[in-house]
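Structure record follows, encoded as structure tokens.
Chain nomenclature is as follows: A, B and C, assigned in order of appearance, with residue numbering initiated at 1 for each chain independently.
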Amino acid sequence: MLGKTSPTTAEPGEALRRRWRLGEKLIEGWIFLAGILTIAVLLGIIALLLKEGLPAFWYTSPWEFLFGTKWYPVSEPPTFGITSFFVATLWVTLVATAISVPIGVACAAYLAEVAPAKVRETVKPIIEILAGIPSVVMGFIGLMLLSPLVQSAFNLNTGLCGLTAGIMLSLMSLPIIISVSEDALRAVPDDFREASYALGATKWETIRHVCIPGALSGITAAVMLGVGRAIGETMTVLMVAGGALAVPVSPTDPMMPMTAAIASGIGNAVRGGLQYQALFAIGLILFVITLAVNLIADRVLERQKRKFAR
Amino acid sequence: MRKRLFIILPVVVVVVLVVTIIALGGGGSSIRIIGSNTVTPLSAVWAEEFMETHPEVSIAVSGPGSGVGIAALINGTTDICQASRKIKQSEIDQAEANGVEPYEIQVATDALSVVVHPSNPVSELTIAQLSAIYTGDITNWNEVGGNDVEIVAIARDTNSGTHVFFKEQVVQMKGLPTEDESLEYGGDVLMLPSTEEGVNQVASNPNSIFYPGLGYVTEEVKPLAIKQTADSIGVLPSVQTALDGTYPIARPLLFYTDGEPTGVTKDFIDYCLSSEGQEKVIEVGYVPLE
Amino acid sequence: MRAGAVSKRQLSQRTAFSLLIVATIIVILPVLAIVIQIIVNGADAISLEFLTEAPSQAGKAGGILPAIVGTFYLMLGTIIVALPLGVMAGIYLTEYARDNWFTRAINLAIVNLAGVPSIVYGLFGLGVFVLLFHFGMSLLSASLTLACQALAMTVTTSREAILAVPREYREGSLAVGATRWQTIRHLVLPQASPGIITGAVLAMSRAAGETAPILVVGAAFLLPGLPQSPLDQFMALPYHLYTVAAHIPGMPKSTMWGVALVLLVVVLSFNVLATVIRLRARQRR
């Protein structure tokens, strides 16, 4: 025990220490608040969507809203049925997934297993550029370059359709599918590969029967993240999907996915009005869908990490 | 190196901030104009001219539709709402419930043009035919005297005042014996988010048809002559035919404010209604008052 | 082993590999095509006037300075809010949080926020900042909205950067008597800063390119001056591209491509900056 010092020299030391502790407590308080903030924002989004969107179901029954095909927000009386939007979202997501999954996984396999280091180092930045292109630029390219091509290639009335939107969306999902799949493939331990070669398998046979199955959950997560991206994308589909209100029966029909439906109408909507509520209701549904998809993907990724943790 | 980055980056940022703030030269008042895509080219030109003679005023002009402008007026987020359709009674009720008194000022007139691709042999249509095209009853150009190809009917989305005006005047054939308020746009009509996109589509797609305001008609598209009924004479949209009333689908272009305009807003609107301002209307391609 | 059997397997391997290469080429080609097209078509429009003057004649002539400045203001506003909050939340999660339901809830929240569609953020910004808080259609509302979107990214990257600092560093510091906060402030944070800054730069790049939220929260088509306060309306590059994307009559086509080019350059240069920072930091280790 240090010798007792006179009161006058002990006080400044203690006071200083107390101030440190107080200041530190304050900072720690702020940090704690910041931690809560992320929950607060998420809860805020949920709360707002519920508050503004649920009333839509008092005006239109949930059944009619979800399965009705008439969306006439500015007529009197207005009717709200979102089947065409929902089907449109399904179509563009389907097209985007059908294109981006095989190509993305194949590319990931190439980069992770086959490509020489130099090739990897050249290709990866290009994929990062793709990931960085803003969605409005993609929509612009789709409008200017792709839609006339699609129109003439498929002999359509107009190139503004689900197919064009789906192709542009697939470009936007590719980077995430490739990156997560590649990580998954690399996480497969080398021992597995060595064992396979030891049994006489070729590299391709190893990839096909060992690596990909081993990385399957990660690849599944990658696909889900890509799907989530496609479902939630707004600008691209707003600009090139066509905006027709009929329920689309083919990917070459002009269509209006849910995100575009919200963006098209929200400017018009007066706070608290019927159209405002209906649009928030669509936002709610969209939120729930993308939430589910992303949550499942995250769970799958966690499981994969644990599977190969050493 | 890291420390240097820490210092350089914020310094650059601050310098940029300072330079731009200096460039602004503070103070002054501002006017917000939100609403119709149709009126935007006109307001933009007016705003520019007005700001040259009144440099302390800053005017921001936005689209994308009359509905947006009216909603903004009711929500209190704009000074002037520019509209290409009249405000509805239900909207007036909503406004008054929010403590807003919409005050209407007509600033110009528009001859709503129906355009097709220059190669399209069709050069005139009746309102009834237009209505059928946009409800989806007529789907092939050969039904109206054109080639044997499917019609691609293009419209604006629900944000647009033109969407609503066209629906009431043409699709529902207001004022004609065949008027039918239950008619709606057909499910195959493309609802585009901007007038520019619609015009561009018509210019590049020989089978399409669209209805932009007169100010958007260029040599790349061909306006159709509109016949009130099958026996009338087809009239092409122009300043003349809108002024003398022979063009069947002319409409007022409007400004709405909360109560009578005052202050800078009033000065601006006075300028728009002055003879100088009205000359600009012709330059932009619309129809001046009287 | 028979010679025939080996070559059959070799053949299928060669075919498979060629397909994989084809897939990779299919990924690369569009990127190159897009970038080249934008550069080729947009280069004509780029001039000093284009970059430094305000639009005139309803956007047909003049330049896009207000859109460029607006975009930078947005990036700035976003990062001023999202970075400190993101870093603090990251610190909380790595240094202070215990492994209980609360922490798991926060982590869940972050994963979810990252996946929310941008239009839903737009709705959130409209309902909360524009209407509820009465900030109106302004730079402030837009920045706050984009900041919410960026929050997930800044928290995640900060957390990962802080986690990467070796335990021994912290323990050594605590052993010499420093408090937790002092350790964080003088040791952990500086070590983690490249990672944190990378995350911040990427978040800014994202904010620069986002359109849907600012569409809803109200970017202006034409603002002949510059926004003079955070409560003013603003122009922004992505919104400008969206508005001119279908060719305002009388506007030369190269103008649209020019706007796309400027936007692309802004976004990609921030991405490159982030990569450079990341690589530099890795080299030092």
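Criterion: a contact is a pair of C-beta atoms (placed from the backbone, for glycine too) under 8 Å apart; a residue touches a chain by one contact, two chains touch by 3 or more.
Since we're looking at a predicted model, the values are computed, not measured.
S.K.: Touch graph across the chains, line, ring, star, complete or other?
M.R.: complete
S.K.: So which has more C-beta pairs touching, A-C or B-C?
M.R.: Higher C-beta contact count between the two pairs: A-C.
S.K.: Using each chain's Cα centroid, which is most distant from the centroid of subunit C?
M.R.: When every chain centre is compared against subunit C, the largest gap points to B.
S.K.: Report the inter-centroid distance (CA atoms only) between subunit A and subunit B in whole Å.
M.R.: Inter-chain centre distance comes to 35 Å.
S.K.: Using mean CA coordinates as chain centres, what's the gap between subunit B and subunit C in Å?
M.R.: 33
S.K.: Quick one: report the Å distance separating subunit A from subunit C, using the average Cα coordinate of each chain.
M.R.: 14
S.K.: What positions in subunit C touch 2 or more of the other chains?
M.R.: Residues 131, 245-246.
S.K.: Indicate the residues of subunit B shared as contacts by at least two other chains.
M.R.: In subunit B, 64, 75, 197, 201 touch at least two other chains.
S.K.: Could you list which residues of subunit A touch at least two other chains?
M.R.: 143, 239, 263, 267, 271
S.K.: State the interface residues of subunit A toward subunit C in the complex, per the touch definition above.
M.R.: 20-21, 24, 27-28, 30-39, 41-45, 48-49, 52, 102-104, 106-107, 109-111, 114-115, 123, 125-130, 132-137, 139-141, 143-145, 171, 174, 178, 202-205, 207-208, 228, 231-235, 239, 259, 262-263, 266-267, 271, 279-280, 283, 286-287, 290-291, 293-295, 298
S.K.: Name, in rising order, each residue of subunit C that touches subunit B in their complex.
M.R.: Within the complex, subunit C touches subunit B at residues 56-59, 69, 72, 76, 130-131, 136-137, 190, 193-194, 197, 218-226, 228, 232-233, 243-250, 277, 280-281.
S.K.: Which positions of subunit B touch subunit A when the two form their complex?
M.R.: 64-65, 67-68, 70-71, 74-75, 90-91, 94, 150, 152, 157-159, 163-164, 184-193, 197, 201, 204-205, 207-208
S.K.: Under the definition above, what is the set of subunit C residues touching subunit A in their complex?
M.R.: By the definition above, subunit C touches subunit A via 9-10, 12-13, 16-17, 19-21, 23-24, 26-28, 30-32, 34-35, 37-38, 84-85, 88-89, 91-93, 96-97, 105-106, 108-124, 126-128, 131, 148, 151-152, 155, 179-182, 205, 208-212, 215-216, 238-239, 241-242, 245-246, 256, 260, 263-264, 267-268, 271, 275.
S.K.: Please name which positions on subunit B make contact with subunit C in the complex.
M.R.: Contact set of subunit B toward subunit C: 1-2, 5-6, 13, 16-17, 20, 23-24, 26, 28, 30, 32, 34, 40-41, 44-45, 47-48, 51, 58-64, 72, 75-78, 194, 196-201, 215-218, 220, 284.
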